[in-house]
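In the two assemblies presented below, subunit A is common to both, partnered first by subunit B and then by subunit C.
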Partner chain A sequence: MSRVQYKNIRKSFGDTEVVRDFSMTIEDGEFMVLLGESGCGKSTLLRILAGLETQTSGDIYIGERCVNGLDAKDRNLAMVFQSYALYPHMTVYENIAFALKMKKLPRTEIDEKVQWAAKMLKLDTLLDRKPKALSGGQRQRVAMGRAMVRTPEVFLFDEPLSNLDAKLRTEMRHEIKSLHRKLGTTTIYVTHDQVEAMTLADRIVIMNKGVISQVGTPEEVFHHPANLFVAQFIGSPAMNIFDGVLTRQAGNQWVIESGGSTLPLPPRFHAQATETLAVKVGIRPSDIHVLEGASHAEHLHPVDFKVEDQELLGAAINLTLHTGDVTLLAEAPGDMKFAPGTAQRAWLNLDALHVFDARTGETLSGRNTAAAA
Partner chain B sequence: MRNRIEALSPYVVRAMMIVLMGLLIISALMTVFPFFWSAILSTHSRETIFSTDITLMPGDALAANYAKLLEIMPFWQAMFNSFYVAFLGTTVSLLFCSMGGYAFAVYRFKGKNLLFGVLVGSMMVPPVLSLIPYYLTVKFLGLMDTHVAVWLPFTATPFCIFLVRQYVVASIPRELLESARMDGAGEFTTYWKIALPLMKPVLATVAIVQFVFFWNNFLSPLVVLNSTENYVITLALRSVQNLPNTPWGAVMLGTTISMLPILLFYSVSSKQIISGMTSGAVKG
Partner chain C sequence: MTHETPKQGWLARLFNPPRGSAPYLFLMPYIVLFLVFGLFPLLFSIYLSFHIWNPIKGLDSMEYTGFENYVLAWGDPVLWKALYNTVWLAITSGLAQHLVAIPTACVLVALGSRLRHWLTSAYFLPYVTSTVAVSLVFFSMYSPNTGIINKLLIALSESDLFGWAFSWVPDVMPLRWLEDTFLVKPAVAFLVFWKYTGFNIVLYTTGLMTIPRDLYEAARVDGASAFRRFWHISLPLLRPFIFFAVTLTIIGNLQLFEEPFILTRGTGGVGHSAETISMYLFRIGWEYLDMGVASAISWMLFILIGILTAIHFKLFGRQGLGEH
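Coming up: the complex of A and B.
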């Protein structure tokens, strides 16, 4: 178990720079998820830490030790690959024991550890099988067992669940989480799946084109996205974004004018409102209410829409609402009825409104949050 | 194509099949005949071989031919030498070619593509052209008239390295080797414990190709071997053809016996040879 530090890491492949000045500390025992679209450099960062790629510049520390130039085999990290990378010619037992044999541990100790891991991962009846006789979920478990027995300083996961079907993925997610709870090993987990990131992480690093967009707990990145990219990336269905202009009205009141309607600027943005500014406004579908009952609360702002379309998902309805030149997606309870073309009043939760500088994409309120991380 | 054949009447199709089969049988017979002929001749004496009647029936001179064979050359010594050269050469080939192919497939190093290009290009050069340089090299190294000179230079062959390289690229995922490195295996252990066991199919092909090559090799032993007790079988059989009144029955007997190991080898592993030859091409 160890703290991991990336210090000013850069990595280029030929002329393409995939990681640009990445610095980050992962605390001892922390579960850190690197989240981003494919090609954003997240896997490269993991592979640099593992010693499978060499950074173009910058330093990597594991614990107090600078590991630049140290061979992968000497870093004492364990990695679970997307393809599991099980040795096809070895049995499950031999697969799990391989790293221990490399360490030249005594036979009895190896056996003890393999049995311990196999029991923990419910593999004890499969130890004599070859990987090709296992299901996807079982292979995944063997890959994890192989990492576990090493008692490595850090666990690395490179999109470990992408090859599984949806049901197994949920199951394995829980197992990974409970395993981390039991073992408490520092873990770095790379994925492009935000659900995995939200459910597993202590902290999430959201990457965009080789740089960090935001670092924070799942709650922070969901409720206080630092910029447009994070706002749109996290959450499903995605956050509504529309253009607006921040304007001062009589009596020093700041409002956002958009598509013919006017929204009062929530108090937490007041400090930042100093001049007329083009902004992007974001609101999650779940923060647009169509139920009459909620209308009295002060932070709810009524807007009259026209219903464009509705999509029944079962428990909820995805409602497409339209006003002026703004189209928004709202979430309504599944038992309500809507007819396309009819008028519909909805209440926007101003407490959950996100306002971003249209030019930089940075939030107007959360600058402090981003800086603190 | 298939539809066109189906459109024809069954009789026409049948007739075509018969013609095709007939052609195949004739060409198969033409291929097999020399082998069969040498086996038949090995049972005949010189007199019946050169008599005007051509016979396809076995004669009665087998024992005499065998005695003659042992008299004119150290037959079993030559057979042993051939086996020795082929065995050592094949074993070392497996090591060198698997290492070379693995390196070309896995490592990134400067000049790799150029080197690989030269390697593949050298396959186009007719072997006869390299005979004189080969002779000079062997002479320079002081290896004239030794078996090492017959097998060692042919243990790292471009074709086999190419074969292994293609196989590794297509069939051994990079992640597997990376996983081994993360598990604490060094370069050699990764090659030996992870890559090598997975290369079995292509190694079998390399073994077959190389064994057959060494067994059949005539040109290089001819150039470097000169004492009779070092002769490999191809050389030994050729050498007695200069004798006055060549005992053809004995020579044919020797030829027939020398073919047996290869035929046996092939009949056991023909499936492997075919699958190995195509493995790199079909996968990946």
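Coming up: the complex of A and C.
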């Protein structure tokens, strides 16, 4: 178990720079999730740490030791590959035992550990099979077992669940989480599935084109996105974003004008409001209420919309609302009825309003930038 | 007028062939060639092996003898000598080919694609070069007084750096590579090794390229050194290719002819020391003009190849063909 540090890592393949000045510390025992779109350099960062790829510049520390130039086989990390990379000519048992055999552990000790991992992963009846004769989920568990028996300094997972169906994915997610609780090993987990990221992570790193967009706990990145990219990336259905202009009205009142309507600027942005500014305004579908119940609350701001479309999802309805030139998605309870073309009043939760500088994409609220540092 | 269709002439029939025969007509050139030059000699040689026949005296001289040709060949000590030589050459050059080709292929794959393409082409060159031309070049290299090999040995024995290791050279000079009964087999084996190793390298390189990269990466992360990655990953996954290449080597080496034939100038070496079965049956057929015995021997060789290949399949086939 060890703390991991990336220090000013850069990586180029030929002329394309894939990772740009990446610095991050993963604390001892922490479960860190790397989240980002396909091709943003997540695997590359893992492979650099594992020693399978050499960084163009920068330093990697595992514990107190700088491991630049140290061969992958001497780094004592365990990695679950995106492709599983099971040895096709070995049985499940031999696959799991391989790393221990390389360490020249005594046979009885190897057997003990393999049986332990097999029991934990419910592979005990499959130990004599070859990977070819396993289902996708079973293969994935073998890959996990291969890592588990290792007692490595760090676990590296590269989208280990991407090939599984939804049910197995949920199951494995829980197993990974409980494994981490039990072993407490520093873990770096790559995914582009935000549900995995939110449920597993102690902290999430959101990457965008080789640079860090935001680092924070799942709550932080969800409730206080540091920039437009994170705001749009996290959350499903995605956050509504619309254009607005930050303007000062009579009486030193700051408002956001957008598509003919006017929204009061929530108090937490007041310190940043100094001049007229083009902004992007964000609000999650779940923060737009169509029920009249709490309509008198201070932070709920009523707007009159026209219903454009509705989509029943079961427990909820995805409602497309329109006003001026703004179209928003709102979540309504599944038992309500809407008719397209009718007028509908909805209340925006101003406490959950996000305001970003349209030019830089950064949030106007100062405290989020502090969280990202 | 009758209702019968008018009788077609042979020309009309030729240009208006029956339905469904078109594919066979297109295949006709090949079928004819195969029947004349493939199937007929094959069957004829079975027939021949039960007859005495001197081809010079014409077909009338053919005489049925039953199994006598086989008995005759079986009782000839030279056959057994030739058999020994053939197997010796097959094993020595064959083993060396594979033991060198597999690690070389591994190195080539590690070198990256550009260098690999150049080097595999270079290694493959001997295989596509005329055996006769190559054998003639080796013949002159093995020459006792003017050959480059002996010259090199002498130069080494006279050099300051390596002289100590080659002090034995002046005592044994000139080495008669192709006349010495002890040296001629290694000399032939080396030529065969040189000529066919490149083919195996290409085969093994192709085989190695089919092994997914991430297996090596996983093994590295699992703490396996380069040698252990070779031993535990490359070698087992290369098994189907090894099986295929060894099968080809068995079949090819047991029919070895041109290389020893040219290196020994058709004599088979002093005391048949480098005569292979193919050379032996060639001699019986065209020097002694005894086609019957020659055919019998060729069928015995065929059966031998069949048996050895069958043993190879039996021993390694299941694993070799990648069935787990």
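Here, the second predicted complex is superposed on the first by the 365 of 373 C-alpha atoms of A that agree within 3 Å, B and C clash if a C-alpha of one lies under 4 Å from a C-alpha of the other, contacts with A are read in each partner's own complex, and residues count from 1 in each chain.
Just so it is clear, contacts are C-beta pairs under 8 Å (C-beta built on N, C-alpha and C of every residue); 3 or more make two chains touch, one makes a residue touch a chain.
Worth saying up front: this structure is predicted, and the values here are computed from it rather than measured.
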item: Clash or fit, subunit B versus subunit C on superposed subunit A; value: clash
item: Touching partner for A:77 - first (subunit B), second (subunit C), both, neither; value: both
item: Subunit B versus subunit C as contact partner of A:242, first or second or both or neither; value: neither
item: First, second, both or neither for A:61, with subunit B first and subunit C second; value: neither
item: Touching partner for A:130 - first (subunit B), second (subunit C), both, neither; value: second
item: Those residues of subunit A which subunit B touches in one complex and subunit C touches in the other; value: 50-52, 71-74, 77-79, 81, 83, 85, 87-89, 98-99, 102-103, 146, 150
item: Interfacial residue positions of subunit B with respect to subunit A in the complex; value: 173, 175-176, 178-186, 189, 194, 197-198
item: Residue ranges of subunit C in contact with subunit A within the complex; value: 212, 214-215, 217-225, 228, 232-233, 236-237, 239, 324
item: Contact footprint of subunit B on subunit A as seen in their complex; value: 50-52, 71-74, 77-79, 81-83, 85, 87-89, 98-99, 102-103, 146, 150
item: Contact set on subunit A toward subunit C in their complex; value: 50-52, 71-79, 81, 83, 85-89, 98-99, 102-103, 130, 132, 146, 150
